[in-house]
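Next, two complexes with chain A in common: one pairs it with chain B, the other with chain C.
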Partner chain A sequence: MPETVDASGLSCPQPVIMTLNKIKEVDKGEIEVFVDTDTSKENVSRAAQSQGWDVAEITKSGTGYRMLIKKE
Partner chain B sequence: MNREVSIGHMKSFFGTRWGIISVGAVIGVLAPVLQKLGNPGNMGVCVACFQRDIAGALGLHRAGVVQYLRPEIIGFVLGSLIAAYCFREFRPRAGSAPIVRFVLGAFAMIGALVFLGCPWRAMLRLSAGDGNAIVGLIGLIVGIWLGTRFLKAGYDLGRSNKTYASVGWLMPLIMLGLLALLFVFPQAKGEARSGVLFYSTKGPGAMHAPVAVSLIAAIAIGFLAQRSRFCTMGAIRDLVLFRIPHLFYGVLALAVFAFVMNLILGQFHPGFAKQPVAHTMHAWNFAGMVLAGLAFCLAGGCPGRQLFLAGEGDGDAAVFFLGMIVGAAFAHNFALASSPKGIGAHGVAAVIIGLLVCSFVGLTMRRKA
Partner chain C sequence: MSPGDLEEVISGLPVISDPNLLVGIETADDAGVYKLSPDTALVQTLDFFTPIVDDPYQFGRIAAANAMSDVYAMGGSPLTAMNIVCFPSKDMPKEILTEILRGGLDNIHEAGAVLVGGHSVDDQELKYGLSVTGVVHPDKILKNKGAELGDRLILTKPIGIGVIATAVKGKQADRVALEALIEVASALNDRASQIMQKYETHACTDVTGFGLGGHLLEMAGASDVEIAIQAENIPVIAKAREYALMGMIPAGAYAIKHFCEHKVEIKPAVERVLTDLVFDPQTSGGLVISILPDHADACLRELRDEGIESAAIIGEVIGRHAKGKLQIR
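Presenting the complex of A and B:
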């Protein structure tokens, strides 16, 4: 089961802060991140990649997105 | 299918480094050109100044030299709205601490008017040789840095909720209403009043590019900025907080292209004294922008970004805009705003109160770990 970050409804930069905090906490593995806007989706992708994580999957979830980021 | 593919390509281009650089470059080129065509000195597109002028045009303050219903502000929102619809990103949302955003907007405006410009104008002033802008930009960086300390300590405005499309449409409708007023009551030559609108007959409010040019340029900027998420505050915040330089490239491009354009157009005049719509009281240029930077950071966007967010349906960003309009009214009615002669009679008190209010917000609105 991946760790979850629920950043839905939160605006910039909260989704990135929450994702980076979770990345620090788990170090590697899978994290699913829920965001509302395309901006948050792009910002979280950029931040995750800057930490050496891959964006494995992005799917629609409600009115926003569920992102799955991974690090082996 | 083809349309999907081309939309995908455009989406990905504006998310790239070259995408954000090209948007900064477009703003950097258009701003000095608008100035050449009539906009005030080093104020090609200053979001704070132009919102202050709108507050004046509506009679919310009566500073005679800064009254004009600037089409640029209208264009920014409408351009963003068009982009959001074209790319299916119009998302009506609201309810994330609106009163806090209103107050932050008001103090952001007051801070910006002590310096005499928003972050966009700080870059434009710098690119035209105004040395006072350096002090203001240092203040801006310090203010944003302070904001990042609050963010690190858990500061959070809380979640917004998806809402009715009409909520997202209210801000664009307000803008269309203002545009209608501008067309119904255009300025009569040398007259300070036309119907319900106030106009300046001298000073920066009397200086403006042709309405159609301003509007079209601003719609283009609004469109591109919505796509690229251009944000001057975010540029510095992301660099300080995450070491991510993406947005910063856009701001850098704005400054570099504006500098080149100012050289070409003969608008580059290096120095500190007698710069257009600027004063040389360094401590207050600095402190005004500390306040503005902190308020922008706590509110999650520079004044331009707030307009683009409002255009894509963010009702909370619209409330921030309304706060800025009211802040502008207070700034001139209470002698908080500076002028080329120096700071206003109560500018110092306003900056101190603003910093205290922002600190109160930053310290008390903390997410529980």
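Presenting the complex of A and C:
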């Protein structure tokens, strides 16, 4: 089961900070991140990539997105 | 508001013209200009916004520098300023407002202008800015329009203010970045404006809410030209690149990029972080000066000698284009 960051309802840079904190905590594996806006989706992608994580999947979830990021 | 929304809102309004109104709302210029006599025209502008830094004094300085910048971008000098204040007086100590106004006043005085009054309203969200009146010689007005084929483009301040402000908002910005933001955003564009007028400058604008890319496109559109910028040559504030890579990019940057997309060509070799920064909305950014190529080096040297050390030649006007185009390479 992937770790979860629920940043729905939050505006940037909060989703980015929560994702970066979770990345620090788990070091590697899978994290699913829930965000509301295109801005958050783009920024969380950049945040993950800056730490060497891949954005494996982005799917619609309610009015926002579920992002799955991975590092092996 | 976003440039697209703003255009839509004002497009149908029955604004009348006047032969003395030299620059009005029909162009995307920085300020309005009204001719009073053959050698004097009024330059009028206003701007106000919510705090981008926590320090009230520095916020006041930044807001005042930003409001007066529109006058400098038109080649004018500010004469008088009026405070615009929205203040949550029930939730915030009045001393905070005093500090904001003190910061604003210091920059008004540094500009050689005087405060003549203002207006305040009670508001849940703090906002501050100025309405500014200046003067310019009617024959020496610098607009978005006028950039000529071959012109070099000089940018006088580094970009990245919106990115750092986003990091500040998330309490992620370190002291170095915060101090750099304050130094850049609170600096007046007065010297840059005076220096550019000594050379054959064809067009000018200041870089604010639509980001460097958005404002360059406004210049390109008004001048019917294609502008090319070299992304690697654009000065960037310390740490802004790092924060942009981490995803500290304001929503406005994506909105501007999306709005401009059909008029922008980005070469594949350009790093994504640089295009993110090109569309980062700036608060109190620098001037973009479109200048005769033979004058560009001398103007740049003088800007740097006068303490505007980040000034750089970032690109040039490469062709005619009916609707205006921007190439990032």
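The rule is simple: the second predicted complex is superposed on the first by the 72 of 72 C-alpha atoms of A that agree within 3 Å, B and C clash if a C-alpha of one lies under 4 Å from a C-alpha of the other, contacts with A are read in each partner's own complex, and residues count from 1 in each chain.
One rule holds for everything that comes next: contacts are C-beta pairs under 8 Å (C-beta built on N, C-alpha and C of every residue); 3 or more make two chains touch, one makes a residue touch a chain.
In this text, all values refer to a predicted model and were calculated from it rather than measured experimentally.
On the superposed chain A, the positions of chain B and chain C overlap enough to count as a clash. Shared-chain residue A:47: touches chain B and chain C both.
Using the contact criterion defined above for the overlaid structures, shared-chain residue A:20 touches chain B and also reaches chain C. Once the two complexes are laid over each other on the shared chain, residue contacts for A:10 go to chain B alone; chain C is not touched.
Judged by the touch definition given at the top, the superposed model places A:63 against chain B, while chain C stays out of reach. In the superposition on chain A, A:38 makes contact with both chain B and chain C.
One listed stretch of chain C collides with chain B once both complexes sit on chain A; from 224-232, 278-286 or 296-304, that stretch is 278-286. Comparing the two complexes, residues 11-14, 16-17, 20, 37-39, 42-43, 46-47, 50 of chain A contact chain B in one case and chain C in the other.
Within the complex, the chain C residues that touch chain A are 166-167, 169-170, 172, 244-251, 254, 276. Taken in their complex, chain A has these residues touching chain B: 8-14, 16-17, 20, 36-39, 42-43, 46-47, 50, 63. Chain B makes touch with chain A in their complex at residues 11, 15, 87, 89, 91, 93, 96, 151, 156-162, 229, 234, 237-238, 241-244, 246, 300-301, 314, 316.
Looking at the complex, you find that chain A touches chain C at residues 11-14, 16-17, 19-20, 37-39, 42-47, 50.
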